[in-house]
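In what comes next, chain A is part of two complexes: it sits with chain B in the first one and with chain C in the second one.
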Partner chain A sequence: MGKVQYCMVIDLEACVGCSACDIACKVENNVPASFAWSNHIIETVGKFPDVKYRYIPTLCNHCSNAPCVAACPTTAMHKLDNGITMHDPSKCIGCAACRIACPYDVIYFNDKEPLVREEFLEPLIPECTSSQPGIQKKLGVPVGYYNPEREATLPGIRPRGVVEKCTFCDHRLAKGLPPACVEACPANARIFGDRNDPNSEVSKVLAKNHARVLKPEKGTEPNVLYIGEF
Partner chain B sequence: MNPEIIYNTYPGLAWDWRVAMDLFLGGAGVGSILFAVFVDEFFQGKYRRIRQTAAWMSPILVTLGLVFLLLKLGRPFHAFNTLINFNPHSPLWWGGIFQPLLVILGVMYARKLNNIDEDSTNHRTLGRILVPLSIIVGTYHGLLLAINVSRPLWNTGPTVVAAILGFITTGIAAVMLVHLIRMKLAGRLDDGDHFAKFIDDMKVVRNILVGAILLQLFTFFLWWLSLRFGVLTDRQALALANEHYGPMFWFLGIGMGLILPLLLGGIAILKGEEKDRRLQVVIIMVTSFLILFGGFFFRLAVVLAGQLSLPLNPLL
Partner chain C sequence: MKMKLEGQVEEVVNKKVTRRGFLKGMGGLSMAALMAGSPMLKYFAMASPEEAQKELVSKWIASTCQGCTSWCPVQVKVINGRAVALRGNPYSKANHGEICPRPHLALQQVYDPDRIKVPMKRTNPKKGRNEDPRFVPITWEEAMDMIAEKMMELRASNETHKFVLFRGRYSYMRDIIYSALPKIFGSPNGISHSAICAEAEKFGAYYTEGYWDYRDYDLENTRYVLSWGADPLASNRQVPHAISIWKKVKKQAKIAVVDPRLSATAVKADEWLPVIPGEDGALATAIAHVILVEGLWNREFVGDFVDGKNAFVPGKTVDESSFKENYTYGLVKWWNIELKDRTPEWAEKICGVSAEQIRRVATDFAKAGPYAISWLSPGASMQVRGGYTAMITHALNGLVGSTDHEGGVVQKTKVPAYSIPDIKPYQDEMAKKNSKKPKIDQRGTLHFPSLKKGKSGGGVVTNNAADAIIKEDPYDVKVAIAYWANFTFSCSGTDRWERALQKIPFFVHITTHASEMSHFADIVLPAAHQLFEKWSFLKSKQNLYGYASLTQPVIEPMWDVRQDETEIPWLLAEKLAQKGFDNLYRYFKEQFKDPETGKAPTNSKEFAVTAVKMFTRSCWDPTDKNYGKYGEKLKGWADFVEKGVWNSHRFKPGKIREKYKTKTGKFEFYSLTLKEALEKHAKKHHTTVDAVLEATQYTARGEQAFVPHYEPAYRWGDPSEYPFIFFEHRSRLNREGRSANCLWYQAHKNADPGDENWDDVLKINPVDAQKLGLKNGDKIKVVSPTGSIVVKAKLWEGVRPGTVTKCYGQGHWAYGRIAAFDFHKRIPRGGNNNVILPPDYDRLSGSTARHGGVTRVKIEKISQA
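Moving on, here comes the complex of A and B:
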């Protein structure tokens, strides 16, 4: 058996399009409101009455041949031994070369102070309701919601001027837990594991099904694969 | 039937006009140092001032370009990370190494030209080192865009060739414009003999410029061909680029930056150089300005259009 290569298979037939994965990801990773590490595409194909609707969840593909890693001038974007494409904000200069290089548009750039909702800076009703900074001060937390466990491998909130993206919840994997999106899926549409382990569920699913990837022509060898039809 | 995507994953524009400015100024800087070395090698002992102008402009323009790039960085004060980490797969890493080197050697070369003995081979050796270095930096400006497989508009061979030809045209134009202003300020434009001789010898430079413009137009044609008759994503990228930035690219970049200067150059040749020296000066100034103006807008259009998000094609 070779080294670990984490991989996610998304069963579009099982997926119900509820977006629980997107919400779970945001809460687990303290993702800013305008970013979506876990995202989705909605497609409608054809004309009534012959219409087909598809919901395709998307996230960082943790490509084996990752163009973002090749493009990064400081090695801030790098591959871990387990196949995860990881980002080190301490090395990041904010050039966005990784964002340009990514064919899937799943890397986000913090061009503003993270997790600040400008509409909540002032109280909605002066001297009656609280502003966001007021609540934070009172509760002693950096933001209205915050998961401190994210700090294990990455700054809990990424600073202004750097990029951020899905990490396959590497901090949870270190504890033997699946990624938050996998755990949150009510339809068990996401299967996660080591594709180099023939006994893993993900290997068994891949052996039984014809798996597809997004933009195969780019040659990035994604580790997020899709089976079934929505 | 094409899918209609009603919610895309596009996270916004990553590179803006500051990156276009870096490509433009860096390219003009590379062209001007090559111009300085060219004059030094082939017109030995002549045109000391234009050589100096060209040599000093290069480090200034490349530095200005780097300043614009730094202004675009999310964390400009961490830029030193490029120098202490090693990723030869990244064109930006090569740029971070070679551009400062070009600036340092460019300043050394310009200082040597300020005070040289014409028989000295010392400065010529440095000039010959600068030639491949500037070509590497110029090529880097093309590769920075061309290596991105995710951006079909940039991911072509003609992107690199256009960048190389672009630094030749904008470099020469920048030197001509600045040098004419410098001569005017020094009152040397009124020195008839000096200027007539200068114009006469600059015929070689004009021919290089005309050749580079024609080659650049041909390169754009090849670029268009490769996209227009390429795979689906190439055609989608071209259609999107034309829809959003077509007027900027075709009218400002190609029309004003290449075709109009070519026509003005033709007028200059037909009118005869010796007959109307003042007309020659005006034409050189206007042509140089147009090449620079178009050179910037061509880069801006390409940088912005290349980032337009294509639909993620449905799973096969």
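Moving on, here comes the complex of A and C:
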């Protein structure tokens, strides 16, 4: 066996554009509401009544030739042996060079306190409803649904002043589980695996289908590929 | 500073994360830099060592999502007592382990900082939208005492019928609070939300095949899906099943979606038929016309001409004796009375869909029959004249023989469950007498036949209760309790509900959030969240499997909440007993026994579990007479709790068609069942069927009333003043209007085609927008004859010129600080469609007519984007 290269194939024919992936990702990775490690591009084309709607799920492409890694002055953004583009917030100086270098707009910068919602600082109705600090006091976590399992390989919540992005749920892969978006997809439109393993499902799917990547002209060699038409 | 922070860290990590691990996780980051500025950051969780991860106790526990009425069996991942994720229940054969986006959102409901923690009492006696209720916390003891006191006043004055129980969403524990409570107390008024939901749909299936319920669809084997406003990839029903199988369906079948909006399902279809709202009936009758003229009806189901020659020639009547029917009744009558002139060319001018497309869809649909689905939804039936549209669209299944057929539209497998024990022995004279008084919603009056299951006044007219309360007709309501409902938001003509609630002297609201309805309450009782904190069960069906799915407290309740349908009536019964009326309490104590131990419940929590066990006994108790009769044999209560779902046998089509529960026993194209119902209602009011039709806004007269037929759309507003037809649609992220305070709802709203994140947009065709000088994001006022809202304009090609559309769900002025733009000033985020939708009805089914372009609107630009 050679080196592992993780890869995700998204079947646009199966995808119905429901956004369960986006939300499940936020749940799993404690992602602030304003960020979207898992996201989508939408467009409506044509004129009534000949109208087409397209929905393309997006996430970090974990490029083999990753411009974010090349741009990072501190090696905070780096490649793992399995092909994942990983970020180490302890080395991040918050310069955002990676964000600028990424052609896919999938890296987010924490310019304020993560997960803090000013709306929720005080109780809505005094003594009758809670507040975010009230929930924190009761449960000892930043938000009630906080997932501590994310802490296995990354700060559970990334601090102010650093960037964050999709990690292919490396902490789940370590337990033999697929990324959260893959598990959450009710259309089973996401196939995940090692593209260097000819027996993996992704390899088989890629062999049978014409797969495309986003912005091939950038030469980034993405490891998120698309098959089928929405 | 540093010392203090470290102390906080220790407090927070609560022995789960060692200090060494925490600091290691911090890496090179300065602790002070991280912690400075925010009190919240003391709860900052950082990477923890492997040992700490091992200390996490993680378990998946079964429950049920009630974000829509698919009612999917789900599992909740609970780590150290907190719910952190959701997935489909793998034991379920209905959704086979898949879920749509909605269950994930529920996490932000149960842990919503805006949830009500404790019972609240109003201290401002003045009620009104612009009055601050000035709620203060009280104990459950105090709250129940006040409610019981008010109820006892009604007993003292022999006015128990002036008590109303409003029910919104429910579980199958519902009859305890909705039926037993009012009836034993002495009131006829259990007023359900059902008629703002989808009753008009059921009207279609009932008056053709005698089935008052939602249908199931054999997507697995179908070759054609003809959707009438149904959007199963986004909203009701069976969303995850539809999503998971859609690729297969698209491969093996053609999909045609009738919808004035390019819906989530229309974008994944082969044909989009952008019908003019409310004119679905023209399209559907034309499809039926084509099927007959082209000789494409299903011979096995419908029968044939005696001589085998097709005599269905446009414009020509047919001799009834020339056709011999099999499983159907009245085909030739239907043709002669209604269909013979309904050509595609005629329909094109009315419904806005080309004759060519009508022919193609009709032909393809019929050729695929009986492996074809005509999928009726609220969109095509919850209209002022939608009852008949429901009948036509369902009758298409009759024409192609796809009803009760593989690959078609089917009924359901029984889910064996018990309801509440007999209440009669516990009703005293006052209760018996007063609970027979007319209900507050005026059902069964001349103008509101509400012919559920053939009975005049058989069904609720939810939205009319507001007017009846305002007019005190048939009487004045004095005490009301509403649970899991928000009629001041969810019913069209919201202003009437504000006035009605203002008028009720004592109103109690059971809710998770301080909603638009709570705003008018004297007492607000905090409810347990159905998915995470409550014992109950649901009955539903998807994928041809019926199922019973449990909800259970998967976490300790977040706050001082109680279960709405069981605990609260128990607590109330205790209080009423203390005050001298113990019938309800005795009923609960004497009639509810744990099926395993035979023990009576001793407190509210035990009562909740006991009741679920009793009602679901057939699913898990080997000693029950129905055990294993209709499906799985679960091995006892613990097994049911573990698995969370009981699955029926797969439904086998083909038996029901042998004897439909109609007047004729056949699938009725000429509905003798409806004829009898209408005649009975007319007789009750000493008038004619024609007069009933006139009183209910229908145009049909004579024989046409008994066949599925075209009725012109009914709209409010003069076209010269209100140039646009307004229609609304549903969101794939709506948890029935209860998810707008979830950040994720707002952050992902553009998953609804045409919509925008963190916004509420009126979608308008660019051609129309240009005429009005509107650009994307312009702030606009949308004005109907009954109300106005302020939203943003969105130029979108997915909506028919001349019509404008907006999603339901936004426009809360209460509910929380995300849902409302400014909760304290009562400024909504976006606009609630129900403010501009006039309160009108399909009076034959009692349904609220929220669809079909019931109103026209005008658009005024307020400011540039």
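Criterion: the second predicted complex is superposed on the first by the 229 of 230 C-alpha atoms of A that agree within 3 Å, B and C clash if a C-alpha of one lies under 4 Å from a C-alpha of the other, contacts with A are read in each partner's own complex, and residues count from 1 in each chain.
Keep this in mind: a contact is a pair of C-beta atoms (placed from the backbone, for glycine too) under 8 Å apart; a residue touches a chain by one contact, two chains touch by 3 or more.
No experiment lies behind these values; they were computed from the predicted model shown.
Shared-chain residue A:Gly156: touches chain C; no touch with chain B. Judged by the touch definition given at the top, the superposed model places A:Ile125 against chain C, while chain B stays out of reach.
Once the two complexes are overlaid on the shared chain, A:Asp81 sits clear of chain B and of chain C alike. Taking chain A as the reference chain, the count of touched residues is higher for C when chain B and chain C are set side by side.
Look at A:Ala36: by the touch rule set out above, it reaches both chain B and chain C. In the overlay built on the shared chain, the residue A:Cys95 is in contact with chain B alone; chain C does not reach it. Within the superposed three-chain model, A:Tyr104 lies in touch with chain B and out of touch with chain C [touch as defined at top]. In the superposed pair of complexes, A:Val141 makes contact with chain C only, with no contact to chain B. In the superposition on chain A, contact of A:Thr44 is made with both chain B and chain C. Counting contacts by the rule stated earlier, residues 36, 40, 42, 44-47, 91, 160-161 of chain A appear in both its interface with chain B and its interface with chain C. Across the complex, chain C is touched by residues 11, 13-14, 16-20, 22-24, 26-28, 33-34, 36, 40, 42, 44-49, 51-53, 55, 88-91, 113, 115-117, 119-120, 123-125, 127-136, 138-149, 151-157, 159-161, 180, 183-184, 186-188, 230 of chain A. Of all residues in chain A, those touching chain B in their complex are 12, 35-36, 39-47, 54, 56, 58, 67, 69-76, 91-97, 99-111, 160-163, 212-220, 226. If you check the complex, the residues on chain C that touch chain A are 12-14, 16-17, 25-29, 33-34, 37-41, 43-48, 50, 52-53, 56, 58, 79-80, 82-88, 98-101, 104-105, 107-108, 110-111, 113-118, 120, 135-137, 233-234, 239-240, 243-244, 246-247, 250, 262, 264, 267-268, 272, 274, 514, 558-559, 732-733, 743-744, 746-748, 750-751, 753-754, 765, 767, 796-801, 816-818, 823. Chain B contributes residues 1-12, 14-15, 72-76, 78-79, 81-82, 85-87, 89-93, 95-96, 147-151, 231, 233, 307, 309, 312-316 to its touches with chain A in the complex.
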